[in-house]
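Mind having a look at this structure? Questions to follow.
Chain naming follows the written order as A, B and C, and within any one chain the residues start at number 1.
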Amino acid sequence: MSIVAALGHGPGNGPAPAPVRRARGGAYLLLAPGLAYLGLFFVVPVVALLATSLYVPVPGGDVGQFQPAFEWANYTRALATYWPQMVRSFAYALIATLAALVIAYPMAYVIAVRARGRVFLQGMLLVLVIAPFFTSFILRTVAWKQILADESFVVAAMRAVSLLPPDGRLTATSFAVVAGLTYNFLPFMTLPIYASLERLDPRLVEAGADLYANGPTTFWRVTLPLSMPGVVSGTLLTFIPASGDYVNSVLLGNNTTTMIGQVVDSRFFKVSDYPTAAALSVVLMVAILLLVTAYVRRSGTEELL
Amino acid sequence: MAALGDPAAATRAPGDEEGGARSGADLTLEHVTKEFGAFTAVDDLELTIPSGSFFALLGPSGCGKTTTLRMVAGLEHPTSGRVLIGGRDVTRTRAHERPVNTVFQSYALFPHLSVVENVAFGLRRRRAPDPLGKARDALELVELPHLADRRPAQLSGGQQQRVALARAIVNNPAVLLLDEPLGALDLKLRRQMQVELKRIQTEVGLTFVHVTHDQEEAMTMADTVAVMNAGRIEQMGSPAELYELPRTAFVANFLGQSNLLRGTVVENGAATLGVDVDGRRVRVPTARSVSTTGTVLVGVRPEKLHLLRAGDQAPESCNVLGPGRVTDVSFSGVSTQYQVHVPGLGTLGVFVQNILGGAGAALGEEVHLACAIKHTFALDGAEDATSGAVRLDARDV
Amino acid sequence: MSAPTARVGVGPVGPGPASGPRVPTTRRQGRPWRLGDAVVPLFAALAFLYLLVPIAYTVAFSFNDAGRSNLVWRGFTLANWANPCGAPQVCEALGNSLKVGVIATVVSTALGTLIALALVRYRFRGRALANLLVFLPMSTPEVVLGAALLAQFLSLRVNPGFGTVVAAHVMFCISFVVVTVKARVASLDPRLEEAAADLYSSPWQAFWRVTFPLLVPGILAAALLAFSLSFDDFIITNFNSGSFTTFPKFVYVSATRGIPPQANVIGSAMFALALLLVVSVQLVSVARRRRR
């Protein structure tokens, strides 16, 4: 239930710094199994991915047969063909992240600050944020698809009051894809912000009110800056998965809303073009790492973990 | 003594009358040094604490008190030197194998256990019979039997402090270590707990090692006080001994206040020294002098100085300083504190008990200062006269 | 368990309110009510609505007398609930998801907890590298993780299936477990372990008697998180499952032809179960607090 925790504002909320022990092998013993696992199932696969991205087809071989090589042209070719999907993915993810932030912050604020002290209410509201995880997110996305379908009463009603032109639709649009992304990652945005607001000492806000004497100013000068770690975690936990997602664009979009994840998936499974799929994956991973590093540096919350 | 050789003694609850030998054990530190990297936190410490005594380790924050306690508890290991409890070398023994218990400054009560389970924790680990009964007895001793089933978070600071005490005492340790146990309490509660702690120590007769930076606390509670500074013990003795005859400038200033005047020994008699202080002759008992040649710091406590106004007669066998001018008068009801500037000596503090009532010396008045020879003392002249002083203002002594 | 569970097990949110000083609420009593006070809750209410509409839809359509495709409302029935396994494969997929979820949760929670303990409690050479290795999988999109694992399995000629899915799930759950438990370990007062040692506990006893009980809320939160991540994962699973089907994959695949209402039943039941679990945990802790 605690994605809240996943947010990782890391240590720093604890009491006095721990008198840390010097490793007497103990640390390595504790780390060994887990890190070996990550090495085997994360590092090695990423290396395999890098290798695959440079493969060339076996001359005269079947579809899906490749041999090791250093074909850097795979990258230029993949990017030349698929840069629109790449750019679109980041654009959609960015818009969805900002939208989720705008929607999630007031939710988190109400749960953490307005409901403070009312344990049961606070608990219930939190459950409502967390519980969607347990209905499959695909089921919920399909639900959106059907709620917004052309023949649904939502569309009929919007057409009736001219919110939509008579032939206007809600599904199969980029709006629907972004709305779906926003929707699906909303809890990942809400919970970290909730966690940082929850931890915020109300006396600081009162001191702020005392000094600035005006609600909005206190919010901008005190509350928001203090909740920044939550905002940073939330935006990362939304942006990263959103940029690689393709379920929303498949279920809610059309062939002009294709995202990069969709391309990787179809290169792998439909045409067995492993090198292109791998090259695109590597580009996506590197781009996100660069973005995340720059973002974390800028926002000054280095110790993210 | 009993606590070590006899495992039963160590698990005996307080209030347990049989045996009677519950006076704890001697604690000895031999040349104990603790370095953290290049920094020496505890420097060649020599210390013997007799069994059954209430011993205070007094020093300013950061002087190495906690580190010393932690080495006794086994939570830290000395870089060199030995720790002996009841004559047994425990330097290499780990914390859980030492017959020592600690009352932590932050109490460190286990939040997931009830109060009585907290107190019974050590007994259970040692498989003592009837841990809950003994834990309840210990709670009785600290007057909290009614809170046995609460969680620590539901107690006030003072109550938590008592639980921490009970949790340690119930194990009947050879040595009980208290690390600034009253530091987090407000002044009134602190005074009350000082009395309480002293009562409990008398009652259970354990060896208490009490760490504090509060000189008043140390002096009111302890049989023996060791003053620690920068990782070293400056002086050790009964509170009265330390106060009446400090042997270093640090002790003279940290325990109460002192007027320290730099001078040169010019006359070395068997009973008294003659010291030249800025051209005046001051006498100091030879027995009260750390150094009997060369430069010395002549010291006198402010309450031992008498103000001589124009026409007053100097008492017998006194050193007289002055004339000086009164630069500050602050009346506090019980006494009046004067600052008197004596040209060539600097500013001296004087406490005058308000016995006679009425007006004392006025601001700007010219006075002389007198002090019985037997109350003066002399320190090594190489020392910094302001070491350990709490400076409330920038004026020099 | 102690106070933190009271907070709906939101996990390691510090020592919990019970141990701190009582803090006042921010509502200033006696201040005149302003329109602004209502705007934020109103906005939040709309956001909650947004969050819950598709769930309501899913639950409603679990009662649809649907026939093959569950697209339009055809009338109320309890038949789907009476026979949740009525549609081909749906229960098999659910069973697979539960199996994968449980194994992935147990393994990743164990491995992640150990890593978290090491990272918080020790300073050692390579600590930054270990931190990075934990952080990287979290900052890599699922497609990339899925593609990388598939590339590896292909090059090793491993046939995708149950085993590869479990292996993949453990991998992406570990990092989340580490972060969750780490926060809890960091909020533990190290003096408690010293106090345990001082009270005659060997390091082993101190861990099991003091450290571990205090970590339990954090470990449970991490396990729950791992389970929900695994149970809800589609993309990585899709890359590495071959013909093996999990519940999300089943829903995705059948989405083109129409999802059977039994899938809605299962989704709704999981939702209700989660709700019930959390609410009862909360009621218990509220009751416990009252009793004191």
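Some points to look at:
Note that contacts are C-beta pairs under 8 Å (C-beta built on N, C-alpha and C of every residue); 3 or more make two chains touch, one makes a residue touch a chain.
Predicted model, so just to flag it, every value in this text is computed and none were measured.
By number of C-beta pairs in contact, chains A-C lead all other pairings. Once CA atoms are averaged chain by chain and compared with the all-protein CA average, the nearest chain turns out to be C.
Distance from the chain B centre to the chain C centre is 55 Å, each centre being the mean of its Cα atoms. Computed centre separation for the pair chain A/chain B is 59 angstrom, with centres defined by C-alpha atoms. Once the centre of each chain is set as its mean CA position, chain A and chain C turn out to be 16 Å apart. For chain A, residues touching at least two other chains, in rising order: 15-16. Multi-chain contact residues of chain B, defined as those touching 2 or more other chains: 106. Counting partners per residue, chain C has 15, 189 as the residues that reach two or more other chains.
Put simply, chain B touches chain C in their complex at residues 73-75, 94-97, 100-102, 104, 106, 108-112, 121-122, 125-126, 150-154, 167-168, 171. The residues of chain C lying in touch with chain B in their complex are 1-3, 15, 18-19, 189, 191-192, 194-202, 205-206, 209-210, 213-214, 292. Within the complex formed with chain C, the chain A residues making contact are 1-16, 18-23, 26-28, 30-31, 33-35, 37-39, 41-46, 48-49, 51-52, 103-104, 106-107, 109-111, 113-114, 116-117, 119-120, 122-147, 149, 151, 183, 186-187, 191, 195, 198-199, 201-203, 205-206, 209, 215, 236, 240-241, 243-247, 251, 260-261, 264-265, 268, 274, 277-278, 281-282, 284-285, 288-289, 292, 304-305.
Of all residues in chain C, those touching chain A in their complex are 6-15, 23-28, 36, 40-41, 43-44, 47-48, 50-55, 57-58, 61, 71-72, 111-112, 114-115, 117-125, 127, 130-131, 133-145, 147-152, 154-155, 167-168, 170-171, 174-176, 178-180, 182-184, 186-190, 218, 221-222, 224-225, 228, 231-232, 234-235, 238-239, 247-248, 251-252, 255, 259, 263-264, 267-268, 270-271, 273-275, 278-279, 282, 286.
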